[in-house]
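Two complexes are shown next, each including subunit A; its partner changes from subunit B in the first to subunit C in the second.
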Partner chain A sequence: MSGSRKLRDRGTGMGMTVKTVTRWLKGPILLFGIYLVLYGHVTPGGGFGGGVVIASAFILITLTSGELAGLSIFSKGAASRLDSVGLLIFLILGWLGTWWASGYFFENFISTSETAYHSVLSGGTMPIGNLALGLKVASALFLVFTVLSAFQIAGRAIDGLTDPEEQQREDKS
Partner chain B sequence: MTEVLALLILLTVIAAIITVLTTNLLYAVISVGAVGFLLAIAYLFLAAPDVAIVQIGVEVVSLVILIRATLGREVQQLKTVHAVVGVSFAVAFVAVIGLFGIQVFNQFPEFGIPVMERFADSPALVFLQTGLATTGAPNMVTAVLLDFRAWDTLGEATVLFCAALGAVAVLRRNARINPHKSEDESS
Partner chain C sequence: MMAINVQTLIPLFVAIPLGMSLLVQLVARRRHAVAETLTIITLLALTLMSGLSVGQSGIYHLGGWPTPVGIDMRLDALATLLLLVVSVVGLAVSLYSVDYMRRFTARSHFYSLFLLMVTGMNGVILAGDLFNLYVFLEVAAIASYSLVAFGCAHEELEASFKYIVLGSLSSALILTGVALVYGMTGTLNLAHIASRIAETGMSMPLLLAFGLFICGFAFKAALVPFHAWLPDAHPSAPAPVSAMLSGVLIKALGVYVLARLAFNVFGIGANELSLLRWLGLLSMVAGGLLAVGQKDIKRLFAYSSISQVGFMVLGLGLGTPLGLIGGLYHLVNHAMFKPLLFLNAGAIEYATGSRDLRQLGGLNRQLPVTAATSMIGSMSIAGIPPFNGFWSKLIIVLACIESGFYGFATAAVLVSIVTLAYQLKVQRMAFFAALPEALKDLQREPPMMALAMILLAVGCIVLSFAILTGLRDPWLIGAAQQALTAGIFGG
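And now, the complex of A and B:
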C-alpha cells in the first residue's frame, strides 16, 4: 500500500537514483525525438514517431520528479495550445497547396532540386508537415497523459498549484 | 527468418491470451505491453522501421498510462463468471470470423511477395519508381504519408486531436458553474 501512496504523492516523485538517471537521459531522449521529426523524410521516423518520443521525454520527467515539476516545464495550457497550433499549421499547409500554388489540396508546392536530395532541406513541404505533426502529437500525448494521471489522483487540485476551495472541502470532510 | 517471425507471432498470441485470462489487472496490463513490444520486434524483422518506432513509442506511453492507472487503486481480483450463453456466443463469433478470415487469407499473395510484383501498375510500384523525383524525399513511407496520402494523415491528426479534446473535456476536475443558478442548486 505504501508504494501506491507514494505514487499518489504528486509533489515528490521517485527516489534520488531515478531522478539522477532521468537528468542524464532526458536530453538524449528529447534530442532523438527532434532528430526523428527533422529527418523524417530522409531516414525512418517522421512526425508521429518523433512526437511520441518527445512526449515520452516529458512523461519521464513528470513521472520521476512529480507532476508539478512536469507541469512547470510543459503546462496544460501550453500543451493544448501547441496541439491546436500544430493541427492548424498542417491544415494551412494543405490549404496553401490549393490557394497559393493553385493546385490540389496538399500539393507539394516547394520543388526540390536534384542536388538537395538526401539532405534536410529536401522533400518540399514534407519537413514543415513533419514539424507540425511532431508538435501536435507530442503535446496531445502529453496532455492526455497529464489529464489521465491527474484524474487518477482523486481528491487533489489539478489546474492550479492549490485550489483553496478544494482544500477547504477536504478539511471539512 | 520466417521461423523467427512465426515464433514472435506465436508469443504475441500467447501474451494476448494471458491478457484475457488472467484475473490480476496488473498482470493483464504487463502482458498487453508484451504484445506490443513483440509486435514491434516483428515489424523490425519485416523491414518496417518506421512502424516499429511508432509502435514502441505508443506502447511505452500507453503502458505507462495503464500501469499508473492500475497501480494507484487497489488491484481488484476479477471474478470471472463464464456464462454459458456468453461463451457460446463468443465461440460462434470467433468461428464465423475465422471462416471469413480463411477465405480472405486464401486470396492473399504469398508471404514475402508484394502486390507490386503481381500487378505492374500498382500504386506501390509507381510510388517507389517516381517518388524521389516527384517529391524529393528518399524515405518513401514519409513521402506517402505527407505527400501522396496527406489526406489520410490529416484525418489521423484530427482523430488524435479529438481524442485529446475528449480526454480534457470529460476528465476535467473543475466543472463550469452555471452563473444563472443559485448557490443551492449548483451545489
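And now, the complex of A and C:
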C-alpha cells in the first residue's frame, strides 16, 4: 500500500511557482529546439543538439508536474515509434541518394540555387536528415529518462513494501 | 559469371540490418512471426550479398565525398571473410531462435536487438576510419549487453552488468587510443594513418595508442588476462545470443580489429608480434585448463572460447603466411563449431531445463539430432582428424615449428589434448552416461532448432574440405591472409 501512496505523491510534482514557470518556458524551449534542428546546416546545432533541447522540454514537464503529465503529452508508445520512424527516414534518405543521384549512399540529391544560400532550403537533403535525427534523438532521450524514472519509482515502491523498518515508520506517520 | 557492382553492396551490409531492426520495432512489435520472418530474410540476404562479394574489393565514399573529407567504407578479402562468417552464423542462429525464443516474452525486441548487433559487427568489419569503427563497435556492444540481460533473471542481469562495466572500460581505452592517434597523425582514416606512420615511424604516443588498442580489443576478444566478463556473460545469455557472442562477436570486435590494426595500420614489428603470441599462449592454456573443471555446460564452452581465441591469436602472432592462414582458418572453423556447441547446449537446456552436466545423461537417444551434431562439433573443436579443427590446429603447430617456436608448438598440442578431454567429458556426461529417471520422457528438438544445428554441422564438414584447396585460394582464407601480409594500406 505504501508503494502506491508513494507513486501518487510523486505524481503531484513540484510547487505552483515552478509549475507556472515551466508552463511559460516549455513553448520557447520547444521552439528553440525546432529552430536548432531546422537551421542545423547553417548555424551551430543540428538534429542531435536540437533533439536534445526538444526532449528537455518534455523532461522538464515530467520533473515539475510528474510522470503522468509528461506521458500524457508524449506517450511511451508514441516516443518508441517516433524513435524508429526518425532513423528509418534517415536511412531512406541515404538510400534515395543511391537511387536518385550518381549512386552514392547519403548523396545530397536536392540541388540548391545560389540565391537560396544561408536559408532553410539551402542544404538540399540535410534539413530533412536533421529533422529525422531530431525526431529520433528527442524521442530516444525522453524514453531513456522515462524508463529510468519508472525503474526508480518501481524500485522505491518495492523497497517501501519489503523494507520492514520503513514499513513501520510509514505506519507510525 | 554475372559481374556484381560491389560499390552498391558495401553500405547495404550496414543499412539493411539497421533498417530491418527498426522495421521489426514498427510493424512486428506484437506479431512475432513477422519479426522472425523479417530477421531470417535479412540474414539470408546478407549471406547472399557476402557470397557475391567474394573475390571483390573496393572503397566506398559515403555521400560521394572524397577520402580526406568523407567517411570511407573498405571491403577487402579479410572483410569479406568476416562478413560471410557473421552472415552464415547469424542465419543459423535466427533459424534456431524461431523455436527457442518461444519461451520468452517481447520476442520482437530480441530480433530487433539481434539485427542491431549484426549491424554493429558489419559496420566494424567495413569501417574505413577509426572513429566509425569505434561507433559501430559500441552499437554491437550495447546490443549485446541488452541481449545478455534479455531473460531479466538475477543471474542474467548480474552478468550483463559485469559485461557493461568491463566493456565500457575497454571502450574507454579504445577511445583514448583513437584520440591519441588523431592527435599524432591528424587523421582518422585508416589508410591515411597507415601512410603517416609509414612516413614518420612509431613515436612514443603512437606506441602508447597501440598498447591501448591491444588492451581494449583484447578485452573484446576475451584474451587472458582481459577475459573476466566472458565466463559470466556467455552462459547467462539465451543460447542463440551465446552462439553469436562466442561464434562471431569476439572475433569481429576483437580478433579481426586487432589483426587489422596490427598488420594493416600500425605495421607490426617483432616486439608486438611477440606480445600477441604470449597473449595467445596465455589464453590458450588458461582457458583450456579452466574449462576442464566446469560443470555448467555453457560455462565450459565459454572457457573453451577463451582457449580457442588463444589459438587464433597465436597463429596471427607468428606473423608468417602459414601462421596467418592457420589463425584465420581456425577463426572460421571456430565460428562454425562453437555456435553449434552453444546451440546444442541450448537444445539440452530447452529439453531438460538444466545446464548442469551432473544432472544430465543418456541424451543420445532422447535428442538424436543434438547428440549427432554435438559429436561433430566436439570432434571438430578437439582437433580429431579429418574434422576442420584438426587441420587449422595442425597448421598453427606447423607454423610454430617453421618459425622455430617449439615451445609454443608443444603448448598448442598439449592444449588440444586438454580440449579433447573436456569435450569427451561433455559427451560422456550429457549423452552417454545413464539416463536419469527425470529425463525419460523428453520431447525431441523442435524442427527449426534441429535445422540450425544441422546447418552448422554441415558447415564444419564442408570446412574440413577447405584443406584440399591448400588454403592458398585467391578468394577466401588465402586472399584474407594476403590482405594481411600485404602490409599497411596504401593511401
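Methods note: the second predicted complex is superposed on the first by the 143 of 173 C-alpha atoms of A that agree within 3 Å, B and C clash if a C-alpha of one lies under 4 Å from a C-alpha of the other, contacts with A are read in each partner's own complex, and residues count from 1 in each chain.
What we mean here is this: contacts are C-beta pairs under 8 Å (C-beta built on N, C-alpha and C of every residue); 3 or more make two chains touch, one makes a residue touch a chain.
Nothing here was measured: the structure is a model prediction, and the numbers come from that model.
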First, second, both or neither for A:S56, with subunit B first and subunit C second: first
First, second, both or neither for A:T17, with subunit B first and subunit C second: neither
Which of subunit B and subunit C A:G129 touches, first, second, both or neither: first
Subunit B versus subunit C as contact partner of A:G103, first or second or both or neither: second
Touching partner for A:W95 - first (subunit B), second (subunit C), both, neither: second
Of subunit B and subunit C, the chain that contacts the larger number of subunit A residues: B
Contacts of A:L87 with subunit B and subunit C, given as first, second, both or neither: both
Subunit A residues contacted in one complex by subunit B, in the other by subunit C: 80, 84, 87, 91, 94, 105-106, 108
In the complex, subunit B residues that touch subunit A: 49-50, 53-54, 57-58, 60-61, 64-65, 68-69, 71-74, 132, 134-139, 141-143, 145-147, 150-151, 153-154, 156-158, 160-161, 163-164, 167-168, 171-174
Residues on subunit A engaged by subunit C in the complex (per definition of touch): 80-81, 84-85, 87-88, 91, 94-95, 97-98, 101-108
Subunit A - residues contacting subunit B, complex: 3-4, 7-8, 36, 40-49, 52-53, 55-56, 59, 63, 80, 83-84, 86-87, 90-91, 94, 105-106, 108, 111-112, 116-118, 122-126, 129-130, 133, 136-137, 140-141, 143-145, 147-153, 157-159, 163
Touching residues (chain side subunit C, partner subunit A) in the complex: 7-8, 11, 15, 18-19, 22-23, 25-26, 60-64
